[in-house]
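In the two assemblies presented below, subunit A is common to both, partnered first by subunit B and then by subunit C.
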Partner chain A sequence: MSRGVPTAADYGLAVCHACHQLARLPADGHGRCPRCDSALHLRKPDSISRAWALVIAAVILYIPANLLPVMETDSLFGAQADTIMSGVVYLWTSGSPPLAALVFFASIVVPGAKLIALMLLLVTAQRRSTWQPLQRAKLYRVVEFVGRWSMLDMYVVALLVALVQLKGLATIHPGPGAIAFGAVVVITMFAAEAFDPRLIWDPLKDRHDRDSPRT
Partner chain B sequence: MTEIPRGPELGDLPEAVGKSGGRRRMQLVWIIPIIAALIGGWLAVKAVLDRGPTITISFRTAEGIEPGKTKIKYKDVDIGEVRSVTLSEDRSGVVVTAELVKQAAGFLVEDTRFWVVRPRIAGGTVSGLGTLLSGAYIAVDAGKSEAGQREFKGLEFPPVLTTGLAGREFLLKAATLGSVGYGTPIYYRRLEVGQVVAYEMDKDGKGFSVRIFVHAPYDRYVTAGSRFWHASGVDVSLGAGGLKVQTESLAAVLIGGVAFGTPEFAFDETPAEAGTAFNLYPDQVEAFKREETRFEVYVLKLQESVRGLQVGAPVDFRGLPMGEVIAVEVDFDKAAKKVFMVVKIRIYPDKLRRRAQKFEPVPTPEMVRRNFDLLVSSGLRGQLRTGNLLTGQLYVAFDFFPKAPKAAIDWNNNPPVLPSMPGGLQELQESVSSIVAKIDKIPFEQLGADLQKAMRSLDETLKTTNALVQKVDAEIAPELKGTLEEAKRTLDSARRVLETDAPVQQDLRDALREVAGAARSLRVLADYIERHPEALIRGKSEEKP
Partner chain C sequence: MTAPRLIGCHECDLLQRETDLPDGGTACCARCGAVLYRRRPRTFDRALVYAVTAAILFVIGNSFPVLGLEMNGDTIETTLYSAGRSLYDQDSRFVAVLVWVTTIVMPGLDIAAMLYLLLPLHLGRRPPGVVPVFRLLHAVRPWGMVEVFILGVLVTLVKLAHLAHAIPGIALASLSLLMFAIAAAASSFDDHEFWLRLDRLGAGVPAGPPAAGAEARP
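The block that comes next holds the complex of A and B.
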């Protein structure tokens, strides 16, 4: 890791997000890709505020996602509405602790941890912190990677809803929690996307520049 | 990795195209958290607003109730869920805490009833079968009261009726419960029109109060004069019309029932008010007996023994029961120095009223007095009579005795004294003594002399007859004997002539034989002459060999 290495931004160069064409930006910092005509930026514009917006939305939706039932079962034995947590509890009490742990981890811990990780990244980036940049970069990669796997719950609900439609005997339909949960997962994915990881490194460069001003 | 070239070396890089259009100041992305916040806020507000009241219901047992699963249902619509089940403080039951939906807040009034719906077989009906699969649930019947309440006592049995049903409730007073239970049907003309809602023993333990509900429109047939009776039994009666078996429906015989009807003589046919109390009679006959509500008390002062006269003995008028004896006391009349037996009787004037008078106004006391005065002046008297010769039971009878000494009712006495006649044994004694007196008057001595005279003349007559008989014996008997012998001889000769071996008979038989031989010869001759007519001329020819 070399600090104080000049970046493309130092030279007014930007990579097109769409076609990865490297181009020289005008002085005002705004321009369009000469090849594909998409907007060019040195950094993702408003990355932090956008990510913040999405993270906040996800945090808000995380609450109903966990409190509202994700699945409603109507059967001969009566109607039942299950939240994610009640499902976990049911699995635990009915003798499948590993499965309960898996569901708990995948559906409650991971989305929550993802939101916390994103908030950490955003706060540090906003404060131009230079604390543990490598770890934060790794964290970002994990967050980006793990994002889609949280949708497991949704797959299960979607499958059950489609399969269990035995009129009179039993029907399953998704509850309002499922929508909120899906929204949390999707929005955090977008938030992770909106965050520009280069912002982790920029403060390092600044500090380096400050410590040893370029001649 | 090569040294990153400095600016000038990058000359071959294309220049970015100038950005068209101004930069949007407003960041649309913030709409997302706003929307999320709105949704979240709305959900939160809704959750808070929808959060229904929490109530507790106590039950004897938590059988079938599971926290988080058992629903509270009203008309089969979920209105809440059981949150927890705990033991009551005194451990005599369980306390179920349940959360209701917001709309159910109106249910939380004093007289709302909760009960657990489980499969039940009672009163000939099977209910709650659906709960075999779905598990028990708590059913609610909304109350009508205004006073709110959060702690309820659950019913152990489902209520028979839910509020809002059209009809009226009545109260029955029964001496015994019979086969009445929750939900026992009420029959009117053998149509099931209602049910028993509840019953409880009276505090004094001497009877039961049974609450019943009669559905509209049949509730209007319950009139003030209606009678209720146990309809569970089979009533077999043997009367002039033959054997009669009377039952309600077979179901009623099996599971019990209460029937009601209005007797013909009922005066009041206005529909009874809700909550009116009625008596529950053991059977229809008992129920349809006239129950007298109006009565008047009178007193009979008697000087004879009242042995055999019991309280409750009938008072009748020419065989028609019109009251009963309510007390038998003794009274000493100081002025007359006499001991009276005071018999208090109760007379039901309605018994004496004609059915046609049903709609006439109830007679005023003045009218009753006038009528009694009239009757007494024409000889109405009360007396004791023997009802049963074997047991010597007495009853009070009223009848007209035109020859009875004059009497009048003193209406100032309370109760008034009705004039009486000695009756029963007293009467018998008097009759016997009058018979004895009559026997006394018979002239037995003269009768004896007359008898003697008659006997004497009879003796003479007998003697004369004797002489006559002797004369007959002496004069007529010998002659009669001669005649009889003569007749005997004649008969003997006649017998001889007619006997089989008599000579006359023999001769006659011989003569007849001769005649028969002659006739045979003549027939032979005739035959021969017919075959040989020439023989008449030539004589009989010789036989040819």
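The block that comes next holds the complex of A and C.
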């Protein structure tokens, strides 16, 4: 990488968060995008602390989301409570291993991996690490893209609750885990949105400046 | 011709010069690889066609049942709306609202905002209130999850398969196509190009016949 890579921030220019227009930021640091009128910032304000707060909330909720039942079935054969994991096991044993693997991936692996990835991004950004910035930038893109797929189980529960209302035979109710699970999905999406990926690249600047003072 | 404009990467803040792209080209950030802008032939015509298609599919997808369950001659059907409704009635209001918002409200707003921006543009006019609508479009987009819902329907079909006879509804087909239409409209609609077009409209290019301004492109 070449020395002294020019960034917009070096020149007091802010990239609008909404429309990506380049705009000069007034000296007091508060300005509005001349094109789309969004608030301008060099970096998202309080990005790291906001993202941490949301990640910690999601980590806490991840526990009840996986331990409490998301769905309760009352049938002739008695009542049964299903957690996300038991739903996966049910799919597996009832003859659709590929679908079971998919649900396992979307509902258990993705939220967990997303939280770990966000924590990794936050810790490295906080320590102003210059380690593998391109890989971390890609990781951030994956985190942004993949989070939505965790909603899968919410939709399955909604459809089952709506359909399986067979008087006296079987009824399905949503369980308390569903709320926690839905909250994890929403909160991690906000956390990814709160994190500013430019913080991955900013420390490189410091190192360049230290190694080769600009003339 | 003016000097090349500068562009700042929205992901890593690298300052770069804009270059002219060939049709179908994509400009990526030299440092982090983020997509900066694209050049698509007839980008807004395409986006408009996909957005209109999406609007029609959205209406069909919301008017007909997504899934039906047949047992002892009785059929229970659920639409997109009633799937959330039964959760709401059973006091799972948060999850119900989440389902409604991600499958109905957000995709609906997405399509409406695109039509609102693209129709006047097609007629060579600057849509009033373009700024808030543009921002709405971007705020709304990550929360529309039709494609995830479709996958949810497929999982439900398999789960119900040996409990009773599950019947895929008309809306399922319509929503499956909707997921492609929304994705196609979103990828045809280039923000960078959109603002350039608006600037050109604002800069005294007559708002009358759109053909003159649209064809004579360097």
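The rule we apply is simple: the second predicted complex is superposed on the first by the 193 of 215 C-alpha atoms of A that agree within 3 Å, B and C clash if a C-alpha of one lies under 4 Å from a C-alpha of the other, contacts with A are read in each partner's own complex, and residues count from 1 in each chain.
Just so it is clear, a residue touches a chain if its C-beta (ideal position, glycine included) is under 8 Å from a C-beta of that chain, and two chains touch if they have at least 3 such contacts.
If you're wondering where the values come from, they're calculated on a predicted model, not measured in any experiment.
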Inset, instruction - Sticking to the clash and touch definitions up top, decide whether subunit B and subunit C on subunit A clash or fit. - result: fit
Inset, instruction - Based on the superposed arrangement, let me know which partner A:A79 touches: subunit B (first), subunit C (second), both, or neither? - result: first
Inset, instruction - Applying the touch criterion given at the start, work out whether A:M151 contacts subunit B, subunit C, both or neither, answering first, second, both or neither. - result: second
Inset, instruction - Could you look at A:A53 and tell me whether it touches subunit B, subunit C, both or neither (first, second, both, neither)? - result: first
Legend entry - Apex subunit A: angle to the C-alpha centres of subunit B and subunit C, given in degrees as a multiple of 10: 100
Legend entry - Partner chain in contact with A:L61 - subunit B first, subunit C second, else both or neither: first
Inset, instruction - Based on the superposed arrangement, let me know which partner A:A27 touches: subunit B (first), subunit C (second), both, or neither? - result: neither
Inset, instruction - Considering only the touch criterion stated at the top, classify A:A183 as touching first (subunit B), second (subunit C), both, or neither. - result: both
Inset, instruction - Classify the contacts of A:S38 with the two partner chains as first (subunit B alone), second (subunit C alone), both, or neither. - result: second
Legend entry - Of subunit B and subunit C, the chain that contacts the larger number of subunit A residues: C
Inset, instruction - Considering only touches as defined above, state whether A:L13 meets subunit B (first), subunit C (second), both or neither. - result: both
Inset, instruction - Name the contact category of A:A194: first (subunit B only), second (subunit C only), both, or neither. - result: first
Legend entry - Minimum distance between Cα atoms of subunit B and subunit C in the superposition (Å): 5
Legend entry - Common ground on subunit A, meaning residues reached by subunit C in one complex and by subunit B in the other: 5-6, 11, 13-14, 21-22, 35, 37, 183
Legend entry - In the complex, subunit B residues that touch subunit A: 4, 6-7, 10, 13-20, 23, 27, 29-30, 32-33, 35-37, 39-40, 43-44, 47, 69, 71, 78, 133-135, 137
Inset, instruction - Name, in rising order, each residue of subunit A that touches subunit C in their complex. - result: 1, 5-11, 13-15, 17-22, 35-38, 90-91, 94, 96, 99, 102-103, 106, 133-134, 137-138, 140-141, 144, 148-149, 151-166, 169-170, 173-174, 178-179, 182-183, 186, 189, 193, 197-198, 200-202
Legend entry - subunit A - residues contacting subunit B, complex: 5-6, 11, 13-14, 21-26, 28, 30-35, 37, 39-40, 46, 49-50, 53-54, 56-58, 60-61, 63-64, 67-68, 76-80, 176, 180, 183, 187, 194
Inset, instruction - Please name which positions on subunit C make contact with subunit A in the complex. - result: 6-15, 31-34, 36, 66-69, 71, 74, 76, 78, 82-87, 90, 92, 94-96, 98-99, 102-103, 131, 134-135, 138, 142-143, 145, 148-149, 151-156, 158-160, 162-164, 166, 191-192, 195
